[in-house]
Every structure is written in structure tokens, then in C-alpha cells.
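Heads up, there are several structures right after this.
Consider the two complexes below, in which chain A is the common component and chain B and chain C are the respective partners.
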Partner chain A sequence: MPAEIEYTTLSGISGPLIFVEGVKGVGYGDIVEIRSGSSELRIGQTIEVDEYRAVVQVFEGTSGLSVKGQRVTFTGRPLEIPVDRDMLGRVFDGLGRPIDGAPQVISEGTMNVNGLPINPWSREYPRDFIQTGISAIDGMNTLIRGQKLPIFSGSGMPHNLIAAQIARQARILTAQEEFTVIFAAMGVKYDVARFFIDSLEESGVLTHSAIFLSLADAPSIERLITPRVALTLAEHLAFEEGMHVLVILTDMTNYCEALRELSSSRGEIPSRKGYPGYLYSDLASIYERAGRLKGHKGSITQMPILTMPSDDISHPVPDLTGYITEGQIVLERELFNKGIYPPIAGLPSLSRLMKDGIGEGRTRRDHAPVAAQLFASYAKVKRIRALASIVGEEELSELDRIYLDFGSAFEEQFLRQGHEENRSIEQTLEIGWRMLSVLPKDELYRIAREDIQRYYIPQGRGA
Partner chain B sequence: MDGMMTGKVIAVNGPIVRAVGMNGIKMFDIAEVGIDRLIGEIIRLVGDVAVIQVYEDNTGLKPGDEVLSYGRPLSVLLGPGLIANIYDGIQRPLVGISEACGSYIRKGIKLSPLDRGKKWEFRPLVKEGSDVGQGAILGEIPESMLVMHRVLLPPHISGRLTRIAPPGGYTIEDEIYTLETASGTYRGKLAGYWPVRSARPCRVKKKPFIPLVTGQRVIDTFFPIARGGTAAIPGGFGTGKTMTQHALAKWCNADIIVYIGCGERGNEMTDVLTDFPKLVDERNGRPLIERTVMIANTSNMPVPAREVSIYTGVTIAEYYRDMGYSVAVMADSTSRWAEALRELSSRLGDMPAEEGFPPYLATRLAEFYERAGFVETLSGKDGDITIIGAVSPPGGDFSEPVTQHTSRFVRCFWALDKVLADARHYPAISWIDSYTEYLHDIEDWWKILDSQWLPVRNEVMGILLEDHRLQQVVKLVGSDALPPSQQFVLFVAETIRNAFLQQNSFDPIDKFCSPEKQLKLLKTILDLYRKGAVLLQAGFSVKDISALDVVSEMVRLKSEIPNQEARRIDEYGIRLGQRLDSLKEAKG
Partner chain C sequence: MNDLPLETSIREESQRVIRALREKEAFEIERMEENCETEIEGFRTKIEEDTRSRILQELSRLENRAILERRKLKTRIIEDFIAHTVEEAVNDLRKSPGYKDFLRETVLDATGRIEGKTMVLLKGEDLVFEKELLDVLKASGRNPDIAIREDDTIVWGGCIVPDEKGGRIFNGTIERVYFRKSRSIRREVMRILRQKGLVD
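Let's look at the complex of A and B:
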């Protein structure tokens, strides 16, 4: 390994990038330290090297840097952070440095923030049901320990409230283990971070949590590191210390914008909406760091939050996220405007790991068919509402009108619940059956006859 | 070692590395790069600069680092032991990697794809002294309880067999036979290399005529695929591409499944790995894993290996085809492969065509699907490869380049519909936007079951199309405004949707529907339609018919009557007929 080499002249600065010429022996992906003046230290990383030149992205941004008078050191190492159990209860900046006034973390080892790909052979398929106490999630879009399940939101909608409620209420039915929460904020305002910290504090889990903040006023490029730092600690806690870790990443849209900024300053050919063509792979390198491993007790459950620009689910950020994560909880403007909390959209929300985590011996035998029937019947409600808005409700058939009753009951009683309301899965299924019993039995074609026999409430019509 | 070339790295840009000093290197040769000796492939030669695409994480690689090459092309090792194995994109065994370095994949690991120490029970099938042609079957090995591995003479080699090993246990390192060829003596083993980017030869491609039976009603009945055919499954996220491919990999009647997870989720491969050893093939009672080979380059594994993973998979498929087997290849997702191509080409500075994709995207797609086919193998047997590729269009918009180009090269298109998926109507294969060109190719096969198969299928399809047309009207005026005969079409179409098209992969009975059961269900529905139409003529209302218990029972047949008891559907049909007749009598 060559010793650290220092350079004093930059050949150029562009956006978050600096160019250093005449370098020798610099590795691709190496960490670079940039000192301007006497004190200020910035961290960067090489993203392209050849025989004469290195291109370096500077995580703190380049504002205030000039081509002369810098001291640039190529460390020959990748970006590593210390990881230790003692990091719980602490607050760090977006690059993993403490900002709570308490001393540096002393750790036994450091880990590369980029992690390594998990061998699919070594994964354990996640199947433990997590009860969040929220009916729309537990009943229809179940969260599983080790799942990556994002919240797709829009500006002004209560995604933070929902995420905080989940962090407070999440329980495994079979065990009394609590989640360790890691919260990473990328480009959000201080009050959002404050809200989470307070909420964790109130529920008494703050001492079990680690907070990483790269707030709106931090240089945008720092955000590219923040989720990786958070997940590196999560991997240590889950797979070395055996903890169950819930990682909340907010807001992934800000993360993607930082990546777009970097890509454009590199002059890369953009793909959709100016985002780089490798956005999918880049996001996957974050989201795939969730799961369980064979022979390890812990787990990483990820709940990334993102705001869909103009509520558009086909925007590249939600779109590519949905292609990687194991489902999505989508918040709907229309429900939100009706004042329904949580405004979890009935149709586009999905949990892909639900199928293996519910049913007999896990939740209840009728869970899957009840969920499927609620989805199917609610889809019909949406169709009938569209029709009613054209022909008027009077023109609807009797059955169609029963469906409309079902639709509003579903929204008002099943979806709607309090911020502090913590429903058991039995309560959720029980409400589900009350809703389905508004419909005639013959309409419940997704449910086996014996379950209808057992759970259908005959006087339920119009209840 | 002779033929070894060494050069040095001059530039690193992500996984694209430039090196000089490699005199005599050829396109698509393998190179080992840097102190970790990372595997790469020469993808371009410009003057004396070799452009290398590196298949492993290359952070830390520096200009000046050494590059080695033996001048051999990127190849897969073909031989017994592929079955039930899981490989990464360049055929490194993931089980071995986990034994060597734990839960995470570290770079620079070199492991043999096949166990070199394992003894296989070999039985010769050809006598010493006989003349054998290329691709001849020389012997066999029980590779798994389901797969009899046929030991093939490699393509382009023929001559007189002067020695063949007697029955017994041999490793893939042992010399098994000796051949006198025109160009000298050839010594063969149980395994050999084949370059992934060249298709293995066959005698002729033939017209496919046997359906790949999938047990999925919407596919087998409405949009069937023939063995040796090609199909695409395009759909936005969460619409059911992976589930459909899993269902096909589980239940289709191919002999061998090659499942390629290309840039998708790690847990989905784990799902296959945990499920398939437990699921049993009903035809022979053996676990499905015993006919399955898996290739996994998940989305967090190096991007360039994604590009090569589909070639690795299809080359393995060709190897089993050449033994005379029917092979089904699932590639999930070809869009991730195309995106890998895009990323690499953009790092190379190529001029992009549509949406940043390189101009050669269409050619590459065509080449890939061309490796499917129903063939006569070099040894004169029938063998086939069916390729089923998932396509993940951005925003679910089918007008994007990968979906568009793919649709030109496949003959079967299973379009997934977001609205159906949202309503949890699975499989969400649209009966309006999907198509197949194999209907007539495979008609004769169905005719053996029932000469009326195609007309029945077409009549039911006609009802669905009529329903689709009427729904446009209903959207504007409501269904009550339609005449009874049209309302009845809506009712029957809904019955077709719920009682036939919708199929639950998690239901123990419904997950696989035999062709016999499909046909019986279809005919029962058609009976309802025909008899009902007569009743309407006689003045009955749609409600009179739909309110009958026996009619609402129809949606339950698929999940209450197992394949072996399909005859019970006939009994139901008789009851249905009687009930409809008695309706008429009661009034008359």
C-alpha cells in the first residue's frame, strides 16, 4: 500500500466534483480528505481515475473551495465508519460523526459504508408477522420482520405520523422483543427530525435508537452517504448483535435528487426526468440491505419514506422504488382530503411478503381471503363510484348501492383510526368481517364457504 | 503458462476498466484484473487499449495494476452437477461462496462451478470402435432422481471411439473416452467449457407444436405458448411478473427449468430456494428442485454480471436441450439486463438511441430470444427451449423501448394489467392486450382431448371481447340501460372472470389446473351462456338466472374440485342444466 499522498492543486471544480491532476496510484472509490485553510476537513471519494487524473465527489459540497491552497490527501481506503452498540441513544451527522456533544464513539472495528451484497443463498426468507396496530397495514398490507416496505406519500400528507405510530406500536405476536430504531433523515427540515426524536423519546425507545441527520441545510451530496451509514450500523446491530432493527429512511426523493445533481455535474446521459440510468441499481444497493440471514438472530426491516412529486406514482423515484421493495404503502390524497387517518390507499398498496407471514398458526386462517375480498370489493366500489358520478346514484342497481355502503363503511371504520389507536389483528379481522357482512354472502367469492359460515354476520347488511 | 498475456490498468470508470499492453488479446476473452484478480471480459479493442467490463466490485482498483489473460473466452462449465445448483451471473456457485466467506459475497473468489471431487455413476451407451458424430450421446449419469444426464460429444468433434470407460464412478476430472479424429486424438471428460456468447449448434430448427402446459388457465386456454416458443410478461411493479414465472417454474411440464434472477430481489431467489426442495412434482413425486438450475444476479450484485447472467442461463439451457430435453428458461427481468447494457454503454461513451439505450439493444434482444426453439439436436433427438422473459417498463408504460423491441421478437405477449392487479385479480394477465401466435400450432394437441377445443375457446373469448366493448357503454350510462341480452353478456363475462380467469397461486387446489379441468370449466360456462340466452328469449330476466344457487356455486368449482376429480364438474354441469330447465318448466 502506498503511503498517503498529498496534493495542493486542483485542476478544476464543478458542482460537487473536484478534479486533481498528476496523481499516481489512486484507487477507484478511495476516500479523499480535503483541507482548506488550517482547520476545515471535507471528505470525498474518487469516482473515476486514470493515469493522470482523479475525479472526486466531495460529500460536504465544494462551496468555498478554490483551486489553489487546498491540501488533498488520497487515503487509499474506502469510506468506513466505526460501528458499535454504544451508538444507540446518540445523534450523528449525515456522515456518521456525533453531533450531540458527547464524545466520539470508541469501537472495536470499522465497516465499509457500502456494505457487501448479501448472498441470496445465505438469506432466510422473512415470515414473522409484525403487528403495527394499524388495520390497513395489518389486515391488508402486512409488514413482515426483515421486509423493505416503503411509504409513498405526497407533500403535506401524514407519512411521518404513520411511520412514528408504526415505530411505537410494532410488535411481534410471539415475542416480547422490541425494535431498535435507526432513523436517517436526508434533506428534511429540522422539525421533521425533531418530531421523530420526540416521538421516540415519548415512547421510551430513544435510548435504543440511533439518529443520523443530514438536514435540508446540509450539502446535498452528503445525503448519498447518510442511508449507507445508517444501514452499516443496522447490519452490525442485526447480524453481529442479534437485534431486530427498524430503519426509517426519509426522504428518499431528496436522496435521489442529490444523485441526479451529481450525475448531471458529471455530464452523464440522463434517463427519465434527468435521473441517471443507474438510479435503479443505486437504490437497490440501499434497499437490498434489509432482511434476515440464516444462522443469525437479528433482522433489518426497512421503511423508506418518499414523497411522490405531484402525487405521481409513475415518477422515477416511487416507480423504481416499487420495483425493488417488497410492496408499498401508498397514501391517497382523496382519503386525506376526506379527513381519514391514516389515508392508506385501498388498491395500490401492497405487501409482497404478506402471503407467507399470515394465515393459520401465524395470524388466522381467514386472513388472506378476507384481505383479497376486501381488495376486490373495494375495487368494485371505485368502479361504481365512477359510474355514479356520471349517471347519478339513483340510476344504480340495488346491489351497486349496497357496494357504496360497503365502501364508505370500509373507509370510515376499517381504514380510519386514531393516532394512538393500537388494534390487535383479531380486532382488525373482526372489523373486516363487519364490513364484508354489509355485502350479500354471494358476493364474497374469494372466501371459502366454511369461513363465511363461521364469520359472516347475517344481520350485517346495512350495519 | 503459455499464452498468458499481461498488461496494466490505465483508467477506471465504475466497472469499465481500460488496460494497455495486452498484445494478441481477442474480443470476449476473460481478463483477471488487479491484485484481487477480478474477473472481467474484453468488450472492446481500441488501438492497443483493451476495454474490460469487470464482473466484481472493483473499488480500490488503480491505474498501474496488473491485468492477466489466458486468451480464453468467457465460458460456462457444462457437466453433471448443474441441477439444483445456484450460481451468480458468471457461474460461481453461491453455496460454495457462502461456505468460503459467510453471508456476504466478497470479491476475488474463484471456485469451480461443478464439484470436481464428486463421483458420478456413469454408464456407457456406445461401444468402442464405433464412429460417433458431433453431439452424440456417449453415456448417461443419473444427475438427480428426475434428470438422466446424457454425456454428449461436444459440437464440432467427431471420429472413431477408441476407448470408453466401463460403468463406474467417475469425477468430472477423469478422462472418460478417447476419440480418433481427423485432426488427432481427442480425450473427453464428463464436463467441458462452452463460451456463453455463442449459441450451441443444432441440426435444424423445427416448428413447435406441443403446448407448454402451465396449469394457469388464462395462459393454457387463452394465450398458450408452445414448447420452443418465446413469451414476454410485461407489467409495472407488483403486477405479478415474478409470481407468474414462479408458478410456471413450479408447474409447467418442461423437463428442466433454468431460472434466471436478473437484477431482481434477493428474497425472491431465497423463496425459490426454500420452496422448490419442498414442492413436489405431481407427475413423479420428486421435489421440483431436482429439475431446476438457478442463476442469481440480484439487484445489489455487480451490474456487469447482470448483462452476462442471461447468456450463462441460456447456455446451460442449450446444454440440456442437446440431451433431448424440454427446457423452460425464466428470465426475470430482461429490463434489468437491458439497463445493465445501457449503463455500460453509457460509460463507454456510446451515442445513445432511445431513452439512453444503445442502438444495438434490439439486436441483442433478438439474439437472445433466437436461442429459444424446438430443434432436432446434433444427435437427432427432439429438444426445445422455451424462453419466458419478464419486462419491467418504467411507469408501467408499454411504449418504452425494451417492451416495444421485445414484442417484436416474441410470439406470445402476456400483458399484465395494473387495474386487475389492484383489484387482486390474479394472474393479472389482460385478455384484451395479450396475444399469442401459437394457437394454431398447438391446436392438434388439444384436439386429442376434445375436437371442439378451439371453437369453445374462441366463443368464450368472444364473450369477453363483447363484454369489453359493452363496458365502454356501461361507463357512460350504467348497465341497467342495456337490453337484457347485453346485461346477460356482462353477467357471463363476470362469471368467466371470477370462475375461470382468476386463479389463486396460493390455493392448494387452484394453483395448478389440468387441461382437462380447464376444458370442463370452460364448457360449463359456455353451457350457462347458451341455455341462459334461450331463457332470456323466453322472457326470463338476468336476475332470474343469476339468483340461482347453482349459478353462484360456479365460482367455487376451481378451488373445490381437484384435478383428479374433474369429472365432478360434469356432474355439476348436469345439475346446472336441470336447474335451468326446471326454471323454464316452472314458468311454462
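Let's look at the complex of A and C:
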């Protein structure tokens, strides 16, 4: 057996990067082991190779490393993690190493964390409904199996609460199929990490979930690996074990910040707001790992959560995310300030695949028209509110005032719900009908007459 | 003028009003008592429901924690078993004829890739193979300038061949081989345990 080659020719350290001279036969993306005199092992990845020199990014950071006394081994393999069903119920760090006090699982195989975005030819169109128990999502921005639907949040908004609530409550209505949640958190604080673990454990969801945590004080490089590690396990569970996997990634803005940091350490030419020019394709390499494959039972659904700096939806991170994903759920500062939880904005939120996963046989026949009517009526409320702020409420017509009542009822009863409140799709639609019954029948122009006859609550019995 | 009918009328009217008030009072008291009872009953039901749901939640939490702890315990036991098996294998390493062949091949491979003066580092216990290794190296005719020394950083066995000029170290220690192969070793142990029906 040939001996393993360790290089002692470390020539420099710069931020998370080390430079190794005189190397031969090293591949881009290879995993590197760095051992110092004290035998401490760090893992890195080759990010640049020329004839004699390799640049390695160290996942654990380079604090305490010196140029002398390091032994660097190029393994000749990409980063792989063990993947197994036994990983469910466990908590891992951002690189897929267990942090719950038990050893690493013994797996049948390992998988390259870089995966591959699913080939368009192999894809199957996402269908079928995932119930999150949150009316604003299930009723109006329905999540579909195999979809990638991000949540656009802002600083201080309750996206973590929403993420945990979705992780706890999400389920598919066809109970015979296995459903699991993989939760990956990048750059989160200890209290947030504890909150996620406790929240999933207390609700009993942890036994069929896996948590990957890259904490705020972990080297930023680790954040670049975390979503890939989580998606690698998801791919195994979905396409090898036939499970339906919901992957929640929070916070993708932290991921992009880490990418910007690394790009700047490498001296790359910055693009918009200092992010690298390849931010779009890098994000796509994560988001496009969601979907369904022909001939496979399972599916991967993604819910990336990102915070928009200064609530700016045109910021590169939400902007480029929106290009790749199939809609977005936007959290609105105005609703948040009104104390409404979850503050999911009615109008800018959209699920592009909703129409293919709802209706008769999946949710309920009136789902699509009710959602469309709620959207249309709430849009009118927004216009009337703007008008009222100029001319005063007393100048409004009787119908406009009814719309204002509808708007308040919609926000207070349909959008607002408890952190622990898990509404079925039937309950959501019932509440939707109660709200619509505030309006005269003639105003429900997007709903079929027979549905109105069946579900409309006569005047006085509505909200 | 006779005041009697008026007085009677006032008295009767007062009595009627008092009676009506008493009836209303009784009715109100009854209604309040009923409300109170309903409220108490509602409160009791709510508390019972909350308690029941809390108990169920706690039971589910305990049940789930038990499942997770059982899973973790199983992994720990297997890991201990593997560590124990590896330790036994390492202790008996030198009894295996394959070990000497491994050492010879590794030394030959590494020294063949180094030019000039070099050194082969072995664990103290392996110095018994010194003469044999030097003979093999001489016979190979590759690099005549080789010395063999003891290195106490080698824990289990194997050899280290530094190439100072090339800034490399050829590490052929058993601990590195184990580190490299540990995943497949663990997998193989698991496969055997499953085959024997010792784990599910």
C-alpha cells in the first residue's frame, strides 16, 4: 500500500486560506487534512490549483495555525458525508459531524456533498400539497412537494418562529408516505440553535428530523458547506429511501455573506454590493437541488429563509433568489408592527406552483377561487386604505367601508394565528369563507356561484 | 276626603314593584349562578384539556427522547465494540505475516520516490525488522543513502519517511491507514453484526 503524502510546505496564511507549495496531482475541490504538531485535525478544501501551488480554504478557520509544523494531506476526494436513515433524530454541526454527544452514524455509503442540480429531463413536475398549518401559506401561497419556496424576512422579524412552526407542523395529507424535515441553520446564535432543537424535540418531530447547525461563531466558511451537507442527506432520503423531505435553510443571507467574505479573501472582482459575480449560479447550485425525479417516489421541497438587509427586496440576495425559486413568501414590517403573527404579506407573496397542487382531490375544490378572491379583495383594501388616508374614512362609500372591515377581519382572523396553532386546510378555507362573507355576494366575482351558495355565510353570521 | 284607596293603591303598587324586584333579583342571582357554574365548568374543562394535552405532549416528548437515546446508545455500543476490536487487532499486528510485507512495500514505495539521503522512522518494536528492511532496500538498488531510526510519535506501527528536500513526508503508519479506512471498517463491522442478527 503506498504511503500517504503529507506536505510540510505551507507558505502563507490569509484569512481562511492557506497556501501550499510544491504540490503535485491535486484536484480542484479535493478535501485536505491539516494536522499541526499537537495532532489537531482541521479539514479544508482546495479552491485554487496551479502547477505547483494549491490554495486551500480551511473549514474550521486558521486561528492558531502557523506556517511551520503543519502537515497537509490532499485526500484526492471531494467532501463526502455518511448518509443513512439513522441520521434522523440527530443534531450535527455545519460539516455534518454529530454534536449531540453520540458517535457518527455507521452508514451504508457516503455521498459527495456537492451533489448535482437535478437534470431537467429527469425532473417531474412538482405536485401535491404540503400542509404547514399556517393559513397565510396553506390558503394563499400553498407549498407544493418538490417546490422551492423561500421566505423573505427582515431584521428582527419572526422568521425563526415561523421556520420552527413549519418544521413542527408540516405534513403531507397522504399519511402512508414518509415525510421528514431537515433543518439547516447558517450563522445562527446559540439561543436560536437551542430554540430550534427544543422546539422540534418538544413537539416530537425531532425523531424524524435532522438538524445541521453552523453557529454564528463558527468560521464563516462552514456556512458554505452546511446547506450542501443538509441537501446531500435530503437527496439520500428522498431518492434512495423514497421519503418526502422538506429542507428548511435559514439564513441564506448569512450564507451569501460568507461567500462574499471568501470571494474577497481570494481577491476576486466584486459585483453588486460586493458579492461575487457568480452569486446567482452558486445559489442555483443549492436551490436547484429541490425537486422530484422520474422513477423515484420521494421528493425534496426547499424553504430557504433569508433576511433582506433594510427590508430591501431588490437587494442581490432576495433578487437573485427570486429568479431561481418558484415564488416567495414575504414578511411585512407593517403587519409585524401591528403585532400580527405570522406577518405574511398578502400581496407580494406568491407560490407559482400553487395551482398545480390544490383543488379537488388534493385540497378542496374551492381552494383556488377562494385564494384568488382573498388576494383580489385584499388588494382592493390596500387601495381603499390609501384613499382613506387622503380623503378620510367618512368620505368613503358604504361598500368601501365594508372592504375596510373585511381588511381588518382578514388580518386579525385569517393571517393572525398562534405560534402553536396548527390549522388544517379545511379550517383555513372555512376562515377564508368567513372573511369573504363580510363582503356582499356580488363582490365575490372570482368564485363560482355554486361555491358561493354552498359556503357563503349570510350577512351577520360572517366575521 | 278618604285617603284610603290612594294609600292602598300606593301600598299595592309598592308591593308589586318590590315583588317584581325580588323576582328579578332571584332571576338575576339564578342566572349569575348558572353563568358562574358554566364558567367554572368551562374553566375546569379547559384546565383538564390543557393538562391532558400537556401530559400527552410530555409523554410524547419522553417517548421521542427515549427513541433517540436508544438510537444513540446503539451507535455508542457499536463504536465501543469497533474500538475494542481494532485495539485487539493492533496488539496482534506483529503476529501477522502480512505486517512485515506491508512494512517492506511501504518503505520501498516511499524511498523509491525520494532522491538523496533519507531516513525511515519506525516504532521501537519494529526495529527488529531493521536489518531485513535495509537488505531489501539494498537489493532494490534504488536509494543507497538510507538510515532507519526509532520514532516515538508512531503509535500503532508502520513507518514514516520524510523527504526534507521535497517538503514532503510519506506517512505509512497504521493509524493513518486506519483513519483512512475507518468508514469502510465500521461499515464492514456493521454488516457482520447485522448478518449475525446482533443489531437491527
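Going forward, the second predicted complex is superposed on the first by the 446 of 463 C-alpha atoms of A that agree within 3 Å, B and C clash if a C-alpha of one lies under 4 Å from a C-alpha of the other, contacts with A are read in each partner's own complex, and residues count from 1 in each chain.
The rule is simple: a residue touches a chain if its C-beta (ideal position, glycine included) is under 8 Å from a C-beta of that chain, and two chains touch if they have at least 3 such contacts.
Only a predicted model underlies this, so the values are computations on that prediction, with no experimental measurement involved.
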Which of chain B and chain C A:284 touches, first, second, both or neither: first
Touching partner for A:207 - first (chain B), second (chain C), both, neither: second
Chain B versus chain C, judged by how many residues of chain A each one touches: B
Partner chain(s) touched by A:195 [first = chain B, second = chain C, both, neither]: neither
Which of chain B and chain C A:103 touches, first, second, both or neither: second
Touching partner for A:50 - first (chain B), second (chain C), both, neither: first
Touched partner set for A:372, first chain B, second chain C, both or neither: first
First (chain B), second (chain C), both or neither touched by A:319: first
Which superposed partner A:19 touches (first chain B, second chain C, both, neither): neither
Interfacial residue positions of chain C with respect to chain A in the complex: 57, 60-61, 63-65, 67-68, 71-73, 75-76, 78-79, 102, 105-106, 109-110, 159, 161, 166-172, 176-177, 180, 183, 186-187, 189-190
Chain A-facing residues of chain B, complex: 10-14, 18, 57-64, 86, 94-95, 97-98, 102-106, 236-238, 261, 263, 265-267, 269-271, 273-274, 296, 298-303, 336, 339, 342-343, 346, 352, 355-356, 392, 394-397, 419, 422-425, 474-481, 498, 504, 506, 552, 555-556, 559
Residue numbers on chain A that touch chain B, as the complex places them: 24-30, 47-51, 78, 114-126, 239, 268-272, 277-278, 280-281, 284-285, 288-289, 291, 293-296, 314-316, 319-320, 322-324, 326-328, 347-348, 350, 352-353, 355, 368, 372, 375-376, 379-380, 386-387, 390-391, 395-397, 442, 445-446, 448-449
Of chain A, residues touching chain C in the complex: 1-9, 21-22, 71, 73, 82, 86, 89-90, 100-108, 110, 201-204, 206-207
